[in-house]
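Letters A, B, C and D mark the chains in the order given here, with residues in each chain numbered from 1 onward.
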Amino acid sequence: MILVLKSNPEKEKVDNLIKMLNDKGLATNISEGSSHTVIGLIGDTSRLPVDLISAIDIVESVTRISEPFKAANRKIHPESTIVKVTENVSIGEGFFHVIAGPCSVESEEQVIEVAKDVKASGATLLRGGAFKPRTSPYAFQGLHADGLKLLLEAKKATGLPVVTEIMNVNHLDLFEDVDVIQVGARNMQNFDLLKELGKCRKPILLKRGLANTMEEFLMSAEYIMAGGNSNVILCERGIRTFETKTRNTLDLSAIPMLKKLSHLPIIVDPSHATGISWMVEPMSKAAVAVGADGLMIEVHNDPPKALCDGAQSLDPKQFDSLMKEIKRRVEFEGKQG
Amino acid sequence: MILVLKSNPEKEKVDNLIKMLNDKGLATNISEGSSHTVIGLIGDTSRLPVDLISAIDIVESVTRISEPFKAANRKIHPESTIVKVTENVSIGEGFFHVIAGPCSVESEEQVIEVAKDVKASGATLLRGGAFKPRTSPYAFQGLHADGLKLLLEAKKATGLPVVTEIMNVNHLDLFEDVDVIQVGARNMQNFDLLKELGKCRKPILLKRGLANTMEEFLMSAEYIMAGGNSNVILCERGIRTFETKTRNTLDLSAIPMLKKLSHLPIIVDPSHATGISWMVEPMSKAAVAVGADGLMIEVHNDPPKALCDGAQSLDPKQFDSLMKEIKRRVEFEGKQG
Amino acid sequence: MILVLKSNPEKEKVDNLIKMLNDKGLATNISEGSSHTVIGLIGDTSRLPVDLISAIDIVESVTRISEPFKAANRKIHPESTIVKVTENVSIGEGFFHVIAGPCSVESEEQVIEVAKDVKASGATLLRGGAFKPRTSPYAFQGLHADGLKLLLEAKKATGLPVVTEIMNVNHLDLFEDVDVIQVGARNMQNFDLLKELGKCRKPILLKRGLANTMEEFLMSAEYIMAGGNSNVILCERGIRTFETKTRNTLDLSAIPMLKKLSHLPIIVDPSHATGISWMVEPMSKAAVAVGADGLMIEVHNDPPKALCDGAQSLDPKQFDSLMKEIKRRVEFEGKQG
Amino acid sequence: MILVLKSNPEKEKVDNLIKMLNDKGLATNISEGSSHTVIGLIGDTSRLPVDLISAIDIVESVTRISEPFKAANRKIHPESTIVKVTENVSIGEGFFHVIAGPCSVESEEQVIEVAKDVKASGATLLRGGAFKPRTSPYAFQGLHADGLKLLLEAKKATGLPVVTEIMNVNHLDLFEDVDVIQVGARNMQNFDLLKELGKCRKPILLKRGLANTMEEFLMSAEYIMAGGNSNVILCERGIRTFETKTRNTLDLSAIPMLKKLSHLPIIVDPSHATGISWMVEPMSKAAVAVGADGLMIEVHNDPPKALCDGAQSLDPKQFDSLMKEIKRRVEFEGKQG
């Protein structure tokens, strides 16, 4: 960490600051510039809050050199993490998995039909929402515990491991047979939920918040990992920008950058990112090429009648055609489907 | 709600669509334009999801005319809501209250000292965090239940009603003696938390999420109000933009716009918005002038030693000088302090 | 265009409004909803400014149904435009071209050396800046007319057509032998420059402004096309968001969306979008897969000594390795290199 | 400037880097941290491009300590600049001026009528556009030279100095009798135009680009000042964010921040920032309170018939009522109107 002091600080204040830093176990290196004095801190600064230091009256600016995340940091853990979901499904470097299914579980018939269809087309995990975060309190909120039960029946019927979203720490018991627990974009900084998920050992699919930086994203992964659960799968699903033609702006540059910063696997959700079903295919192709470890795609047996997010869902036929494209490309990249 | 159909839709599909809409109790008015057919819906469309309709293949675009919020809507409830916190403290039109105190409660001595100071300067509510949402799992997370106890002692010592943040529905019991429960920006769309708060009757201070639109903000208020709790106080605390000189961009235009759209009171938090202590004064002056119903300001007895957010805290002397300025201006606006 | 009127408008004002619209040659269709009256306009509304209509006191909102661009609109011109740069170089559907070269022309030796290198690796157009838009007046501003001359010598030496940026309408004469004139992101809405370029018949490479919507981007293309020059190549080069790990956020979803809205070719500039040389390769792969018609890449013989933008430049060896990757992928997509 | 090197750099490369920096006249101070080596540069680094240094392979990050602007920098020129427009009109610290008039000059009658009205209400400068930057090539583009003539007649009729926008360096001759030349938001980084304006001595009203940081804004002012023209007036007019209820987001925190960073006067344009006429009053009040040196407000004799931006224009009666409010507040702030 580097502190730049304001011009002409009082010597006594500088001495006090250095003493305070030394008391925290940090060595200091002082450099007198033409207009500013610079203090370099030597030692572990990860627990030293930038804002505390910034508040000191003689300090002009503070720059952190080492990243504030550790467990998620590739510099510290150079090897790519492979998250093992089941015997046959491992997510991470070298693999490419497609998670597919309806936005929300609506009925036994619907979810089992979609599950069979997406399996036949090559999806290896089934998604389906039982607890739905909706902007409006008047919109359909999901079938809750009943929805989870139906999703687990679809798992039984097809053998596909399931991914579904948790919205409340108190529901954790209901997720016992769920294979991957999803944390939605709006809950990316619901720190109490993250801490609780850090205590279990299930894979967690963590979605990037729609206005969160990559660093904040990794800090949220760090919350889960700091609790002891290192089975974290990141998911880029679009960020909020000024553009209105697409629902969000899919930030594909986040894929290589997050892979550089962290060893965690990362997948892409083109359905939520664009909000438009015909855009799922081109953005999926780009996600494969840019190096993502998988995709999460909404598929509904009858999109116009979907109880949520119909506009971005593919029907099973469209999904089948998409999967043919994806398989060719995954092969081209030399990855295992 | 207005539907614009794609060019040359099949007559049968249009008839099906109209039948479906009529079945939902909506009358339709059809207008054939030179290039497009437009269907106007007559009736209550608040439960008709835009995305469901958008997904229908012959529909090109959907425009909602009536706002999707009702309980929070000024058109439906024209009179301004006054939230009564205590016998002496009412927040809303005609009043101006300043909520002040430390970012986090650190010790009995600290919180009581600050509470006495801010009361002496004219603050009418005390803030102080016991549960702190921090980006890093390694940063100080607050004193939790102990912090709440200390805050309540400061309430006893000064008579000031207290405002403090909740992060977890399971902590609600601990908030029994808290006067105003705060929902932080990161939890603005933690819908399960909002629903739970809708069941109690305490005033809720709801902060705008850092990348949420005004409409989403009001929809989150609507979640609380739909549960029966209409004591909602909105708080603008800066939105995330590309600018880096300030921590966030304080959106003061949200104050008159939210007052036009809604009857709820709205206050401003210049401390979190700017992240810089010397900016609190000019932004507070602007907040008074633009029509806010109050301010929320961080005050710490020793900002450089604050365990969080020191850089934006005022010390008691600076706060006292700020309050002198604010009082003159509140008087100028003809409001009660 | 659809007008929604405010609740309970005065009948006389509605009649006046309808008369005014009819006088402009537009037919109207009026629909009385439960809470609002809606007027649908029938006829050519492309010259009717939304803001004029919005300003009328009884009007609540105005929605445009047809896009405001015409010459650039795929609905009106369904066939994809192929811009012919030379006998051998055509940019558009079915082709994939890589434009490469230094950010700025620095010396004869430098530009010729780089030109030969990028040609050997497979680039089909040479880029190089002579007029450089720099944030700081104290930064290197380019070699101006001398730089153009050197660039044209590199053209002669290699046979590569050249692309270079114009910043000032008065320099147009100097660009006589330039093959493609580039309009930079900061000048995307320099309308006087666009109008002037509309009068010539040279291909124009128009970069998206860093905070411009896709619609504004197409409206700027429309400025050039309205003057009679339909040889416009669009270029996505990253938009400004809150993220700081990359210089800009490359909006790859703009590629399929712009191809849907418009018939113009579109290429991607991963160098400026990311600002980081090692990110050029993954983002280039994604650009090929998402359907771009080409790439624009910075290559410098000695990046650390580049007079501008060194951090994002590839050296010739890195570029050669990138081109091998790109060729395989262009072939996979079934396009001509 | 501070350079952080990558872990374990080769000694030879570090020596080369230091030699290169010393050759540029900079002294270096080297600090070996636990994980990184840090080099502090001592001397004038304002001409050392950050990107050049960033591109060096052993450099991890570069932090600039001194601001890159000099002529506009308050640290170097602590005294506030007062821009003298005429004998009676000086813009800057201690004064508060309101510039008012129509978005575009439409006819002699219109501009003279509005000029007389706004003068009677207390405006001290007249605005009116002759060259209009419009998103669409099909929208009204202004009356050009004829518009300027009419504006100057309004000047003669009322004695008000005039402010009008330039879009093209070639039009400069036409602006001889204009008192203040405006550079619009879209041209904030039209560097050739800025350089040309740096050669004249007329006051320049420079509007902030809708996605430009405060630092970029000051660098554009620096372009004008570097040419020798220090009569620059800054104007905040809203930035582009994700919010759609207002046209732009007025960044009032820019006022105190720009005044801290720079000695230049700064005014606020609430009409363009919000795009909504009823919001002009509350945002104007806030602008006075936050410390702006003036306002720029659109006034039209018949807003619904305005040829551009009617939705945000006040009519003369509304403007008169606004001015009464503003005068009380300017007096309250102890400024001269």
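The rule is simple: a residue touches a chain if its C-beta (ideal position, glycine included) is under 8 Å from a C-beta of that chain, and two chains touch if they have at least 3 such contacts.
None of the values given here were measured: they were computed from a predicted structure.
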| item | value |
| --- | --- |
| Intersection of the contact lists for chain C and chain D | A, B |
| Between B-D and B-C, the pair with more C-beta contacts | B-D |
| Greatest separation from chain A - chain, by CA centre | D |
| CA centroid of chain B to CA centroid of chain C, Å | 39 |
| Inter-centroid spacing, chain B versus chain A (mean Cα positions, whole Å) | 26 |
| Whole-Å separation of chain centres (CA-atom averages), chain B against chain D | 32 |
| Multi-chain contact sites of chain C, meaning residues that touch two or more partners | 211, 240-242, 244 |
| Residues of chain A defined as touching chain C within the complex | 211, 213-215, 239, 241-246, 249-257, 260-261, 273-274, 278-279, 282-283, 285-291, 329, 332 |
| Interfacial residue positions of chain B with respect to chain C in the complex | 2, 4, 29, 31-36, 38, 40-44, 60-61, 63, 65-66, 75, 211, 240-242, 244 |
| Chain C-facing residues of chain D, complex | 46-47, 49, 51-52, 54-57, 68, 133-141, 167-170, 186-187, 189-192, 195, 209-211, 216, 219, 222-223, 226, 240, 275, 277, 303-313 |
